[in-house]
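Each of the two complexes below includes chain A, the first together with chain B, the second together with chain C.
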Partner chain A sequence: MSKAEKLYQERLQRYTTAMECGKPDKVPITFPLGEWVVKYTDTTIQEAYYNFDRTTEITCEIIRDLDFDLMYSALNLWWPPMFNAIGSKLYKFPGIHLEENSQYQYIEEENMKPEDYDEFIDNPTEWLANKFLPRINEEFANPGSYRATAALIKSVAAFAMANDKSAKASEKLAKEFGVVPYGTGMTKAPFDTLGDALRGMKGILLDLRRRPEKILAACEAIIPHNIAYAMITAAGDTTLPCFAPLHRGAYPFLSMEQWEKYYWPSLKAVIEGLWARGKRMFFFAEGNWTPYLEKIAELPDKSIVFVIDATDAKKTKEVLGGRFCLYGGVPTTLLTYGTPEEVKDCVKRVIDELACDGGFVLAPGGVVMSDAKRENIFAMIEAGREYGVY
Partner chain B sequence: MLADTLSKAMAELEEEQVLEQVKERLGGGVAPLAIVKTLQEGMVEVGNRFQSGEYFLSELIMAGEIMKGAMDILEPHLSGESGEHKGTIVIGTVKGDIHDLGKNIVIMLLKGSGYNVIDLGVDVPKEKFVEALQETKAPLVGMSVLLTSCQEAMKETIEAIRGAGLDTRVIIGGNYIDETVKNHVGADYYATSATDGVKVAAEVFGA
Partner chain C sequence: MAENRDKTFVPEAGTCVPWKVIKEELGELPGNEEIVKKEWENLDTLAYSFIWFWAQR
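Now for the complex of A and B:
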């Protein structure tokens, strides 16, 4: 076994122990990959998004001398060519719609109309293929036409290329640097599936008052879809947790009453469905989830990795600690606006507060901003090793 | 508490009742501007309830929809009447950022409180802000931003406004904004919730 392979096994063990709420030899630490890396290279964000090989190169360059366990996220999570090939209206990318050093942006529209609910509920997959795809992709506006067929083939080919490149990049990071990915596969809360790209924020918030029963029926119909999606995108892997970016469930988008009735039951059903298959959810609770901690505690023990962003860390430890692995603790704002000294103090505090009896991963609480400072990220990783030995 | 049944229906978000009463009052000869004023009182109450934690985002958005429905009925009757307002405010999302939900909620509450709001939209270049301020002589300009990477655009816009010799008060608004960001970009006020924005407007216009 090579040195890197040995490191990989050690780090995987560390992470697995933490996910099982146990106490590993050291607190596992996450390296947050993101657009912030680009400004320390001679690359533009446009190139980092589009040129997969270059992205892997700059990733390897920046992590070369660092000692951490997990890598979170990817720079080309949404590889633009697969969207460009089919004329997607969902995103704006640098170099085409935005200047070359901008992050991509998401365009939220009401892509599903109120009158689409019944057809969607009846068969979500069929509705997505026949109605949704032509609406969100300019080149696929007329399914069956020569233009649409060519665009679909190009986009699917790009998707396959992206998956292949991404698998190879992971393999390289594992084999040469012993880096463990934080997760495999992706899914969402059914309410977010409905509220993100289908009805949009405004649409779903109005539905809460105008047609609440349709929301409930649609979320119910999405549950099996989202369980399957997680398992398919993870290619069946159950060692690592499945990423679930949770959006509209953050406080205060919804009132307590709305959250309990419309957001939580179907998300809980997805988590339980995955857990029955041995798959954990990486509960990416961006924003503040403090008011909902008691409800989240109803989940089966160890079925999620709970990510602490702006949620009250002390309260999280009180309510969820010991039963679920906690992850995060370092505010993303500190990584942008703070100094290495402040980051170090924060890491010490976080480890004292959250890591004591195990079941904890040190990481930024959310997506690191594109203007984060390298010295702060490095300080987080170094302090994590300094203070994080059990 | 609100005495008028229309203000009350607006505050309670009773969409059908609001639209019905607006039509009834119009038909009964009530001045359209008086009806708008009554609706605004309901809207102010919606803002109060949001601030106290009784209402959430979906209630704010719903209130905006109801107001829009009512204004669609009223607008054809409003032409010619002098629109009284408390003052003009220019508002937009800064260059590089295309988020508009927060901006639109603030606009709705400001209009509801009786201000004339000029909406420049999203991804607004600094020149456009300056031009709009020179044209309208608005004493207050609002800049919305969600992406931290667009902070410099905000700073440059404020510099451009000052550079053009305008002493317009500047309020910046967005989820991550605080005192540090306010000082960094050189703004006069900041707001992290829509109701804060309304309070600042009241201060600036002495309303």
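Now for the complex of A and C:
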């Protein structure tokens, strides 16, 4: 067994123990990969997004001498050629729509109209293929036309290529550096599937008043798809948790009453459905979820990894600690605006408060953006190793 | 066979055009059905994940 393979096994064991709420030898530490890395290279964000090989090189360069356990996220979350090929209206990318060192931007629109609800509920996959895809992709606006057929062929090919390149990069990082990914697969809360790319924020907030029964029926229809999508995108893996970016569920987008009625039941059903298949959810609770902790505690023990962003950490430990692995603790703003000393103080405090009896992973509480400082990220990792020994 | 393709059905989660729909159209296969079915389902899963990718992004 090579040194990297041995490291991989050690780190995986550390993470697995924490997910089982146990106490590993050390607090597992996450390295947050993201666009912030690019400014320390001679590359542009555009090149990092488009050129997979260069992205892998950059990643290898920055992690070469670091001692951490897990890697979160990617430099190129979306591979722009797949979107360019089909004329996607969902994103603006650097180099084609934005200047070359901008991060991508998501353009939210009401891509599903109120009158589409019934058709969507009756047959979600067919509705997405026939109505949604032509609406969000300019090159696919007229299915059956020459342009649309060519665009679809190219975009599907790019989708398969991106998946393959991403898997190969992950394999290289594991084999050469012993890097363990934080998770496998992706899914969402049904309310977010509906409220993000389909109805959009404005649409779904209006629906809560005007057609609440349609929201409930649509979320119900989405549940089996979000379970299936998670298992498919994880390629059946059940060792690592499935990423679920949770958006509209953060307080105070919804009132407690709305959250309990419209957001939580279908999300809970997805989590329970995955858990029945042996798959945990990486409960990426962006924002503040403090008011909902007691409801989240209703989940089966160990069925989620709960990510602490702006949720009250002490309260989270009190309500969820010991039953679910907790993850996070370092504010992303501190990694941008703080100093290495402040980051180290934060890590020490977080480990004292959250890691004492195991079941904890040290990490930034959210997505680290392009303005984060390398010295702060490195300080987080070093302090994690210094203070995080059981 | 072409007229069969106008038949409507609601695919189960994880599928676009399930094998059982195709099997009904094809009837008995002269060779090993499992080989054909396995690869049909692999590609069907890819198509399903492509379609849902845009909604789950």
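The rule we apply is simple: the second predicted complex is superposed on the first by the 390 of 390 C-alpha atoms of A that agree within 3 Å, B and C clash if a C-alpha of one lies under 4 Å from a C-alpha of the other, contacts with A are read in each partner's own complex, and residues count from 1 in each chain.
In this section, a residue touches a chain if its C-beta (ideal position, glycine included) is under 8 Å from a C-beta of that chain, and two chains touch if they have at least 3 such contacts.
Computed from a predicted structure; not experimentally measured.
J.: May I ask you to decide whether A:Q105 touches chain B, chain C, both, or neither, giving the answer as first, second, both or neither?
T.: A:Q105 sits against chain B, while chain C stays out of touch.
J.: Quick one: is A:M369 in contact with chain B, with chain C, with both, or with neither? Answer first, second, both or neither.
T.: First partner only, chain B.
J.: Compare chain B and chain C by how many residues of chain A each one touches, and report the one with more.
T.: Result: the larger residue contact count on chain A belongs to C.
J.: Of the two partner chains, chain B (first) and chain C (second), which one does A:K314 touch, if any: first, second, both, or neither?
T.: neither
J.: Touching A:M186 in the superposition: chain B (first), chain C (second), both, neither?
T.: second
J.: Return first, second, both or neither, reflecting whether A:E126 touches chain B, chain C, both chains, or no partner chain.
T.: So A:E126 only meets chain C here.
J.: Once the shared chain is lined up, is A:L206 touching chain B (first), chain C (second), both, or neither of them?
T.: In the superposition, A:L206 touches chain B alone.
J.: Please name which positions on chain A make contact with chain B in the complex.
T.: Against chain B, chain A makes touches at 92, 98-99, 102-103, 105, 107, 201-202, 205-206, 208-209, 252-255, 258, 333, 336-337, 369-371.
J.: In the complex, go through chain A and note every residue touching chain C.
T.: Going by the criterion above, the answer is residues 78, 90, 122-123, 125-126, 128-129, 132-133, 136, 155-156, 159-160, 186-188, 193, 196-198, 224-229, 231-233.
J.: Which of the residues in chain C come into contact with chain A in the complex?
T.: For this pair, the touching residues of chain C are 10-16, 45-57.
J.: Would you tell me which residues of chain B are touching chain A in their complex?
T.: Chain B reaches chain A through residues 13, 56-59, 61-62, 65, 96-98, 101, 147-149, 151, 176, 180.
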